[in-house]
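Letters A, B, C, D and E mark the chains as written, and numbering starts fresh at 1 in each.
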Amino acid sequence: MQTSSSTIPIETTDFQPEWESKGNSGHFLEKGKIDLSHGEILYIEDLVVSFDGFKAIKGLTLDILSGELRCIIGPNGAGKTTMMDVITGKTGPRNAQVSGRVFLGQTIDLLKLKEPQIAQIGIGRKFQKPTVFENLKVWENLELARKSNKSWRVALTAKVNQDAIEDMEKTLLQIGLEKEAYIPAGELSHGQKQRLEIGMLLMQKPELLLLDEPAAGMTDEETMQLADLLNQLRGTCSIVVVEHDMEFVSALSGETGIVTVLAEGAVLAQGTMEHVKNDPAVIESYLGR
Amino acid sequence: MKFRVLNCLFTLVTSLVIGNTFAADLSQKDLVQIFGEEFAAKQSSINKIIKAPPEVAAEVLAALQDESLLSDGKVVVIKTNEGYLDPISHVIVKIDESSLETPNLNNILRSDIETAASQFKLLSKDPEIREQSLNSLMADMSGLNVAIVKSAKEKESNAGLITKFNELIAMLDYPSSNEEDKIKAIQTMGNSSSAKVQEFLKGLLKKNDAGEFIEPNNTLRVAIELALRDYQSRKSRSEIVSNIFTGLSLGSVLLLAAMGLAITYGLIGVINMAHGEFLMVGAYATFIIQSIFRAHFPGALEYYLVFAAPFSFMASAMLGLVLEYLVLRHLYGRPLETLLATFGVSLLMMQLVRVIFGAQNVEVANPSWMSGSFMPFQSIFPGLLIPYNRLIIFFFSIFVVFITWLVLNKTRMGLFVRAVTQNRTMASCVGVKTRQIDSYAFAFGAGIAGLGGCALSQIGNVGPDLGQTYIIDSFMVVVLGGVGQLAGTIIGAFGLGILSKFSEPFIGAVLTKIGVLVMIILFIQKRPQGMFALKGRSAEM
Amino acid sequence: MNQSFHLNIPQREPILTTKWWMVLLALSILVYVLVPICSLLVPEGNVFHLSAYSLTLIGKMLCFALAALALDLVWGYCGILSLGHGLFFSLGGYIMGMYLMRMIGTDGVYHSELPDFMVFLDWKELPWFWYGTNHFVWVVFLILVIPGLIAFIFGFFAFRSRIKGVYLSIITQAFTYATMLLFFRNETGFGGNNGFTDFKRILGYSISNPGTRVVLFLMSFTMLVAGFIACRRIVQSKLGRVTMAIRDAESRVMFSGYDPLGYKLFIWTFSAFLCGIAGALYVPQVGIINPGEMSPSNSIELAVWVAVGGRATLIGPIIGTFMVNGAKTVFTAIAPEYWLFILGSLFVLVTLYIPNGVVGLIKEKILKK
Amino acid sequence: MLQVQKINQFYSGSHILRDVTFEVPKGSLTVLMGRNGVGKTTMTKAIMGVVPIKSGDILLEGKSIIKMPSYERVANGIAFVPQGRDIFPRLTVHENLLVGGASLKASKKIPEMIYELFPILKEMSHRNGGDLSGGQQQQLAIGRALMSQPKLIILDEPTEGIQPNIITQIGETLVKLVKEQGITILLIEQYLDFIKKVADKYVVMSRGEIIAQGNGSEIDQDGIGQLVSV
Amino acid sequence: QSKEPIKVGILHSLSGTMAISETALKDVALMQIEAINKAGGVLGRKLEPVVVDPASNWPLFAEKTRQLLTKDKVSVVFGCWTSVSRKSALPVFEELNGLLFYPVQYEGEEMSKNVFYTGAAPNQQAIPAVEYLMSKEGGAAKRFVLLGTDYVYPRTTNKILRAFLKSKGVDEKDIDEKYTPFGHSDYQTIVADIKKFSQGGKTAVISTINGDSNVPFYKELGNAGLKAKDVPVVAFSVGEEELRGVDTKPLVGHLAAWNYFMSVKNPANDAFKKEWADYSKAKSLPTAGKPLTNDPMEATVVGMKMWKAAVEKAGTTDVDAVRKAMYGQKVVAPSGFTLEMGNNHHLYKPVMIGEVKADGQFNVVWKTPTTIRAKPWSPFIAGNEGKADMVK
């Protein structure tokens, strides 16, 4: 489903992100809304990222349409994770040399925001290495991730309401961790943590979901289940998946979905799975014969 | 032997002094007064000695200085190898040894004696003694015989000393010279690097009680002022250099104190609150070696440090091994708990030292090659003074850094240490003998702290609290430089040292200390991981 | 898949279970009723008499316990090991001390309105920050605000630039140490090395009056209980969970949309606030406040109490404080030359053999059964 | 080569490994598979001596190794590529490899073979291990394991996060190591296609127990695909 | 009943920073108690020492005082070194009407009826020392550096000295006041400054540097070649014990002002030194190899002897009675003088100036002919005018 509606409200109730987009002119914009007037949710142009002279991304240009599920593949070290780091604010002027433009919608310059602000305006991210709150129980992990007002003042008096419980139940079932709901997340196995982290993202109800190798460490069947899950989400939010598992990518992209191949910090090829698979450059540097 | 030397001196002095018309006779009665209680009497007695015939004066003054002038309250004698010599009649006398005492002199009398004796020492064979006497004559020119100085200069061959002679003579002659000579004298004095000479020049610019200039001649006053200004600019240059040196030297002390911590904490991850106590152990080890040398090899006492340094390394390292084995081994990966346990250990170690060595400080002396100072480049940097012990400690700290660097970066052990620090289990899983590495590494860090303690014993107290004095500074240095970064530790230490030394003259020691701490806090705001922060992904998670 | 799955979580976790509420209640009754009786009514010499010595001793420990509790909140639950909590404690103490100094009035050795140390340093008038310190209400206000405010400012800069772990520990230590040196200076206006002492009265009551002592004691007890409940409440709230998440994986928390700054600042400031109160109650009971309280080793010791009792347990630090200080009191008297050996070994043994502190040990024992 | 006998293991009260018994024949490539959380990683850790085991025995070439600390097991010829890679983040790639040879007497030069397998490691030899991308780290971890000239290599999901052509290459390498150098391999893997290509023997775990094993060529016949999914 | 021992509290830090100085006082007090017991005790009763360790922690002084007075019920306490420790304990002594003997020189400005001060007041140490420096005999110093550790004793002393110097016509610009933080160990800059300052005329340094900072200070003086004859340093806190851990070579000739020096020659001192040496050996104290006596130790012993005499005079250990009996008590002190307790609770004391010798002892170069009455309320401090110089 392609959304061409002009704006999507991110929050209808009491949500007030603590940021102020300065210098965003052109469109009249309600606070807390992403301007999707051109249909793009994420827009990267000429992105260059270097670490003390080492260029991890060299002039990357990429746009993701609103509601799209985009798969990104590419050799190890191509800059996929780095790209996600930049989008989510983990890598920024604070710890690297970054130039170019990274926009969410038409108006929000992600390079200017901090991590929590980026998360609040609706970008969720799963890390390549699963990170969960080890000393909190599984349900608490989900509860914390749940979309809500995240200021400390509210947290002081916040209650876990019925809606939240229902959300959690649903998510626990989706990720198949209902039996583990009450144990600390630190005691989960690698794959279980992987799923819990995806669950946390679902709770976050992001507009744009970034998944860095979500299927790593899962069995084939689980991988397919995950693919189904992501396919179900299609439409409710935009998704970017980085993966090396070609079957998984195929299952996600289907026949028409676009797959982007990154190599050496730039786009090497882009097109349907079929197209990309047969691209000699991709075969050479990535797929192998 | 001594007798003969004195005789020699006599002939010299006699031949030197042309006329001694105003030499007054000296009697035993005058001499006995020095042994009394009355200050005024003692002083007048010394004045009489100075005015006595030079040969007698020289002999008595020399005897006073090396404490061989004795008296039983009635007769005064000089102790020589041949027996007790009556200084007046110059014959050996018989006297009851047990009742002999030295006079009770105070600073003032002693310095009077020294100045007076200096005149006679200008001809000494030893250039150092000649220099010393010149210096003390410059400091106090009253009652100086110009003739003696001038004839001594004739015999002088050392260029440096000749300059000094010239300066002294310029000062002595100044009041009585004509304008032309005065200009020359001002030039001579202006080029001098001695503070005393400058003071003399400054004194010439002052007004006397009647409100007239002491130097009434205008041109001369201008010349003096120019000379002083030139001196001043050399002086301020010298002050900057000297500040840098004191800063570096403070830095090297900080570095020595912090180096061990940089290893145990920065690399092994043990927040070692007992680090200061390892310094202390090093210092006490030095003390022990010194005591052993004093008792058994007094001849080699000068070189006890050569043994003390490795011994203090070993002592601290052994203790480190024990601590590692008994306590820290069980705490790896729990850094904050190492903090608590080592805090307990530090209490234990301090109290143990108190029980064994007493709560009081113990004495560790500088060997003579580490005491005193020298004054390099006086013509460029007048007044610049470099103490030997500071200089040696500076080089020692560089040496310690070098050893550390060598061990950590050029040996397999260093590599393994770093691997173990970063991921203990994995290191074990690739075959690193973690237990062994842990002990070695900690012992090495402790040993380096011991070396630091050995050095610190040369400039400060050796007591049970020694460690406490340095622990905070050590942590500051390590944190400022960036934990785990040896280079950072070095820059941090020297940076702090120089910073402190440049601000101390302006805001005082107390505010400097506060200021430096606040600066560190602010600095860490800017660079939360220290100066040499770890970069890249590995630092983030 | 099991579609009928239900998540059973309480609306909000209770601050204490009924059982513990009863224990607390019993304890309070005991303290509120028995302490006044035993110290005021029971005559001296009777076994049940609570001497002024024991009263101030326990009163002092109550204040320490409150400070330890405050430290546990930041250390145990937020992972910030502060080696500078002695500072907030002393600040509270100094503010209270200012009031007590003013209350000496003209009874000092110089019979001046100015505190004695100012007289003999030739000060002619009170420095500006002393204004109003003769009014109890203003002083209480300062006690409640200043330590927290200082903590807030310090915390804001530290947390904003993401200083963590040992770096934070060390700079809190530096901060305290610098303040200590500042307070040592006579010019700073806080009595230099001697600090404040020789207090006479508080709110018009003589400070050495047994009644006053009992009231101060009960105040300390009340504040400790209140502090405990407040901390419990915070820890059980969502805020507490987020803080724990920050402790475990700060960056993940940020990517979940939380800004750790606010959370850390709140916990940090609140902790300093509690510490300040503890210090303010401490001073009238021990009768002196001076920069020595800010010395780094005091702050480290505070952490030791927390560790001995058990981190992230809230009750642990209180137990730890009483244990360590009790041991100290006993051993400094019966083995004055060797008590440091005992104390030092205690720290080592506790960290080695009961890593989770006394409370952790008890929990383990109960769990095993 | 490696015999695991009746291993029982607990994590704070919960029974993770239950009487696990299997064998890795010398000179073979054995694959251990199973769903998430069944205890595969725990098994490898038990073999490496990272987690303590409650009962049972592990024999390497007939010699019991359970009393040995990890590094002695390495010295006896086991090498380990853990799940999650565990690269030393602040050592350079080169140093990471050197540490891999810690069990050898003196540090040797890094064999050319490793660089041939993973050219990227040579390229990046002076960068910090922690800065590498996930896949690069995985390659480094395998390279590091090879440094100790092992008789037995245990790899825990080595293909995780690695680009397809390198996966193929790793597969080929593993086979080569077994065939040409006589190294024995225990591989934990989920990726069935890959397993089929390389496995001599397979072992399936479920809930801490071995529920099936057989020859690599018979995986399809045995319907293992089903077993692993359930 | 009367055979029950009399308890004597000893309140000196045995750990922490002050242990370095206070440990010896505890030992000498124990020695004196043993001696008294050997001689039959007091009022026929033995003395029983109660030693506690306030651990250099000031609030602990108050707590331990309360313990000594209420739990152990001691009749008298000997203790404290720093002013702050005394100030901490003082309110408790006053509240419970206890009795403290305080043996250390201090800044004055105090006169409690519950304390007997057996150390010097500023006029018994600082002022005579400066007078000496200004005299011809002492070098006729014209300029003064007042150098101290930043705390109350140095500040007050220097304030008094400043006022005193002014009254002697010394110009403001000829006085340089400098402070260093506690535990300061780097004196390079300060010594360089002193050197510079001294070029403006005959200069003396009056040092109230405390404790551990002295060694680095003197070592630096030696480094810079500042000899005692050029710039004499007179110290008020450096005694025989402090020099124990010092290489005295660079110090020779520098001065200290005290009311007693170990090197004083008289029978009382010989006996005292012997007693201490024997005791150290018998108890195998860590310092037995080099037993040293110093001024506060002497003050402790004098105080205890006086207290014994006063108790015997009063016939009871009751504090008020003993206090009355204390006034006018006389003891032949090791200093060679007969010291008398004034009604201002301070001892009449002689003042001596000593020069450091190479062996760490002092050579007494000057002393007052008689003892001087203490002026705890210094006339140089505003606000002291008209204060009664006695305890009411």
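In the analysis below, contacts are C-beta pairs under 8 Å (C-beta built on N, C-alpha and C of every residue); 3 or more make two chains touch, one makes a residue touch a chain.
Since the model is a prediction, treat every value here as computed from it, not as a measurement.
Undergrad: Give me the step distance from subunit B to subunit D, shortest route via touching chains only.
TA: The distance in steps between these two chains is 1.
Undergrad: Where the centre of all protein Cα atoms falls, which chain's Cα centre is nearest to that point?
TA: C
Undergrad: Of all chains present, which has the mean Cα position farthest from that of subunit C?
TA: Relative to subunit C, the chain whose C-alpha centre sits farthest away is D.
Undergrad: What are the two chains with the most C-beta pairs touching?
TA: Counting C-beta pairs in contact for each chain pair, the top pair is B-E.
Undergrad: State, to the nearest whole Å, the distance from the C-alpha centre of subunit D to the C-alpha centre of subunit E.
TA: From the centre of subunit D to the centre of subunit E is 74 Å.
Undergrad: Could you grab the centroid distance between subunit B and subunit E? Build each centroid from C-alpha atoms only and quote it in angstrom.
TA: Roughly 29 Å, centre to centre.
Undergrad: What is the distance, in whole Å, between the centres of subunit C and subunit D, each centre taken as the mean of its C-alpha atoms?
TA: 52
Undergrad: From the C-alpha centre of subunit A to that of subunit D, how far is it in Å?
TA: 31
Undergrad: Which subunit E residues touch at least two other chains?
TA: Counting only residues that touch two or more other chains, subunit E contributes 14-15, 150, 179, 181.
Undergrad: Residues of subunit D touching 2+ other chains?
TA: 131
Undergrad: Give me the residues of subunit A that touch two or more other chains.
TA: Within subunit A, residues 51, 90 contact more than one other chain.
Undergrad: Under the definition above, what is the set of subunit A residues touching subunit C in their complex?
TA: Answer in residue numbers: 18, 88, 90, 114-117, 119-120, 124-125, 127, 131-136, 139-141, 143-145, 147, 150-153, 155-160, 165, 168-169, 172-173, 176, 178, 181, 200, 204.
Undergrad: Could you pull out which subunit A residues touch subunit D in their complex?
TA: Touch residues, subunit A against subunit D: 51, 54, 73-78, 80-81, 128-129, 187-192, 194-195, 213, 216-222, 244-246, 285-289.
Undergrad: For the complex, which residues does subunit D have touching subunit B?
TA: 48-50, 69-71, 74-75, 79-80, 82, 86, 88-91, 95, 98-104, 106-107, 128-131, 144-145, 147-148
Undergrad: Inside the complex, what are the residues of subunit C that reach subunit A?
TA: 1-3, 5-7, 9, 11-12, 234, 237-239, 241-242, 244-245, 247-249, 251-260, 262-263, 265-266
Undergrad: In the complex formed with subunit B, which residues of subunit C make contact?
TA: 81, 157-158, 161-164, 166-167, 170-171, 173-175, 177-178, 181-182, 184-185, 251, 296-297, 300-301, 303-304, 307, 337-338, 340-341, 343-348, 350-352, 355
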